[in-house]
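Consider the two complexes below, in which chain A is the common component and chain B and chain C are the respective partners.
And now, the complex of A and B:
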């Protein structure tokens, strides 16, 4: 999921950086102050998720959790994922500082798309729709991120179809895992704290 | 409008569930790194040996290896074997940049400095002492090649130990995880502080 330093060409890095800055700005603008702890908690979850390994056959994959991040945060997923990735780069040497922009966009943009596609389903009082929204976000966020990685690597001279194919195939197991995990997460939150599923950007600040 | 309302977050309890989920995740996470690629290279005789492995200790198998000289020209190209190992004839006595690339944008490089190479080459090719006045001595002293063999044998476990230590160091440390979360909490505080100040103005 994380593209390392020195793989991408400068134009791709700059494009990624610009898109990431735009996303982070939009995210910060749309986040009410009382929602910031929520952003921080999901950022922490995202930060730690990459250390959680799911054994898949001979290798292992790590969780990404961008689906649930997007579903709960909307545009605020950009700052949350940006901070998570920056810390992963500094502390764990995952990805890198020059690729921070590209990696942020690759993981946060699908998260925001999932938010627009599936968060309306979360408000329905129908459990199967809620779970569907969760599973679909978990799967699609990873799928779209894998495709974006393929797209980023095209400019290094590798053929898109081949890279995208490798990326999608490699991430299929984690799509399944995240789909199930996100589904359960949504179900759990709907039961325990349904107000959490109301996205930060559409909620007005409480002034009690 | 009460300007302090954001401080009194009305239901702190709503976070406890997530907090415990988080603790659960930490407990079950195995403390290994994702896909950070590590490379280790050393010279033995006139060959360079490369070991590459992922952060969790898995070898980086069947991955392309490229060796560049100082000017960036490719000297050697090859592929790691099933154990993430690769070796090649030393092409020249100068700085070498060794790049291993795994799939999907995982890549790292190792700089093998001239000193390391020359030091190793020197010991391998230094001729035995031949000056006539020392001839007597030479016969009694073990030849340089013998000394080197003995050293190699004695140092092998030590070198293995160093490799093992390097691997251990590359594994995730709980300290870093906790530190990272600390940074996030700090950032959260900072953002909220700045916003509160803006509102007060």
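And now, the complex of A and C:
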């Protein structure tokens, strides 16, 4: 899911950086101080997800979980994903410093989009709507991220078209897996701890 | 469970294996190192000139040598990163327009394509080596502390701190839950049952860590936490740190000039 250091052209890197800074700023603005632990926990979960490998046919793939991050956090998905990616870049050199902006935008923008499209469905007391919301955000988040990664590559150079196509196609299995997984996960959270599904950016404290 | 299979994951992951040491770079001020890493990565990423990229790879290798890190581990990390670069080598030389170099069946590699891919390879390795040398030689907490000094918003710094703290908590919790599944004969396969089990695992992971974080946060509030972390080991900017910064500035300026001349 990460684009590594040294590949993208300067305009793409700069555009990604500007968009990511805007998203992170918006996310931070909407995060109340008492919501910070929740954002941070999702951020670490996003980090750990990349260490969880699930079998897909003969190989295995690691989870991404940006769909559920979006559903749970709203705009705060931007800072959460930014921090997760920054730590991955520093600790394992996955992704990179200069691509941090592009990578953050590619994964966090779909997350926020899923939040707007599907989180209203989560509030309904109807299991099939809830599952639909989960599956749809799992699938759409990965699909959008893959397309954005492809676009970043193609904007860098037309000759990347083949690489971009391969990157998008390579994401199909994990797209299906994340869809199924997010659907079940949403049902589980709805049953066990529904208050977690209220996004941090839409909740206001009613007691002081 | 067959006896041959071991229950892995009880050992704690060590993310910061490079941060211990007493080399020049280990002793340098983390703030200076963050600035140097960002400036170097930025300059190299913006550059197209072959000569400049070669020169920056040399600079990065000098930095790695100065950091005196374990060679094996550094090469292991380079190897992982170059997996993606290898994929590019399989495709880009053939899709880049230009004068033909050689043909493999229906595919024709171009001079320009090979050159372009080689430039990417140099750029990737130079930035990665410099990142390891400059940022790997500090602990993550030092780096986050440095970010605070560099005027990063306090909320983002807090997310960094909590996130880094909870990574090991969540990771251990994941292994605990995963082992619990395995002793109940869970075998990961490509099946709905597997994905459902993993979904519940992720859900449980989220809930447990959320509750944990809430308890810790409330305990912190009770003890007077107001968003600032009291630090007892402050950074002290020394003359040699400024010297490093100046040297890096001169080198980067040199790289930029080299790029414009050649």
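By definition in this document, the second predicted complex is superposed on the first by the 192 of 208 C-alpha atoms of A that agree within 3 Å, B and C clash if a C-alpha of one lies under 4 Å from a C-alpha of the other, contacts with A are read in each partner's own complex, and residues count from 1 in each chain.
Heads up, the rule we're going with is that a residue touches a chain if its C-beta (ideal position, glycine included) is under 8 Å from a C-beta of that chain, and two chains touch if they have at least 3 such contacts.
Being a predicted model, the structure only gives us computed values, none of them experimental.
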Practice task
Based on the superposed arrangement around chain A, label chain B with chain C as either clash or fit.
Solution key: clash
Exercise for the section: Name the contact category of A:89: first (chain B only), second (chain C only), both, or neither. Expected result: second
Exercise for the section: Considering only the touch criterion stated at the top, classify A:62 as touching first (chain B), second (chain C), both, or neither. Expected result: first
Practice task
Using the superposition on chain A described above, determine whether A:50 touches chain B (first), chain C (second), both, or neither.
Solution key: first
Practice task
Classify the contacts of A:10 with the two partner chains as first (chain B alone), second (chain C alone), both, or neither.
Solution key: second
Handout entry: chain A: partner with more touched residues, chain B or chain C
Key = C
Handout entry: Which superposed partner A:41 touches (first chain B, second chain C, both, neither)
Key = both
Handout entry: Which superposed partner A:149 touches (first chain B, second chain C, both, neither)
Key = first
Exercise for the section: Could you tell me if A:71 is touching chain B, chain C, both of them or neither one (first, second, both, neither)? Expected result: neither
Exercise for the section: With the two complexes superposed on chain A, say which partner A:24 touches: chain B (first), chain C (second), both, or neither. Expected result: second
Exercise for the section: Could you say whether A:170 touches chain B, chain C, both of them, or neither, answering first, second, both or neither? Expected result: first
Problem - Contact residues common to both interfaces of chain A (with chain B and with chain C) - result: 4-8, 28, 33-34, 36-37, 39-41, 43-45, 47-49, 51-52, 60, 83-84, 87, 91-93, 163, 166, 188, 192-193, 196
Problem - Interfacial residue positions of chain B with respect to chain A in the complex - result: 1-2, 5-6, 9-10, 14-15, 17-19, 22, 25-26, 28-37, 55-56, 58, 101, 103-109, 172, 176-177, 179-181, 183-185, 187-188, 191-192, 195-196
Fill in the blank from the handout: Within their complex, chain A touches chain C through residues 4-8, 10, 13, 24, 28, 31, 33-34, 36-45, 47-49, 51-52, 54-57, 60, 63, 65, 68, 72, 79-80, 82-84, 86-87, 89-93, 96-98, 157, 159-163, 166, 177, 180-185, 188-189, 192-193, 196
Completion exercise
Note: in the complex, chain A contacts chain B through residues 1-8, 28, 33-34, 36-37, 39-41, 43-45, 47-53, 59-60, 62, 83-84, 87-88, 91-94, 149, 152-153, 163, 166-167, 170, 188, 192-193, 195-196, 205-208
Practice task
Spell out the part of chain C that touches chain A in their complex, as residue ranges.
Solution key: 15-16, 37-38, 41-42, 44-46, 77, 80-81, 84-85, 87-88, 91-92, 95-97, 113, 116, 120-128, 131-132, 135-136, 140, 143, 153, 155-156, 158-167, 169-171, 174, 188-190, 192, 194-196, 198-200, 202-207, 209-210, 212-214, 216-217, 227
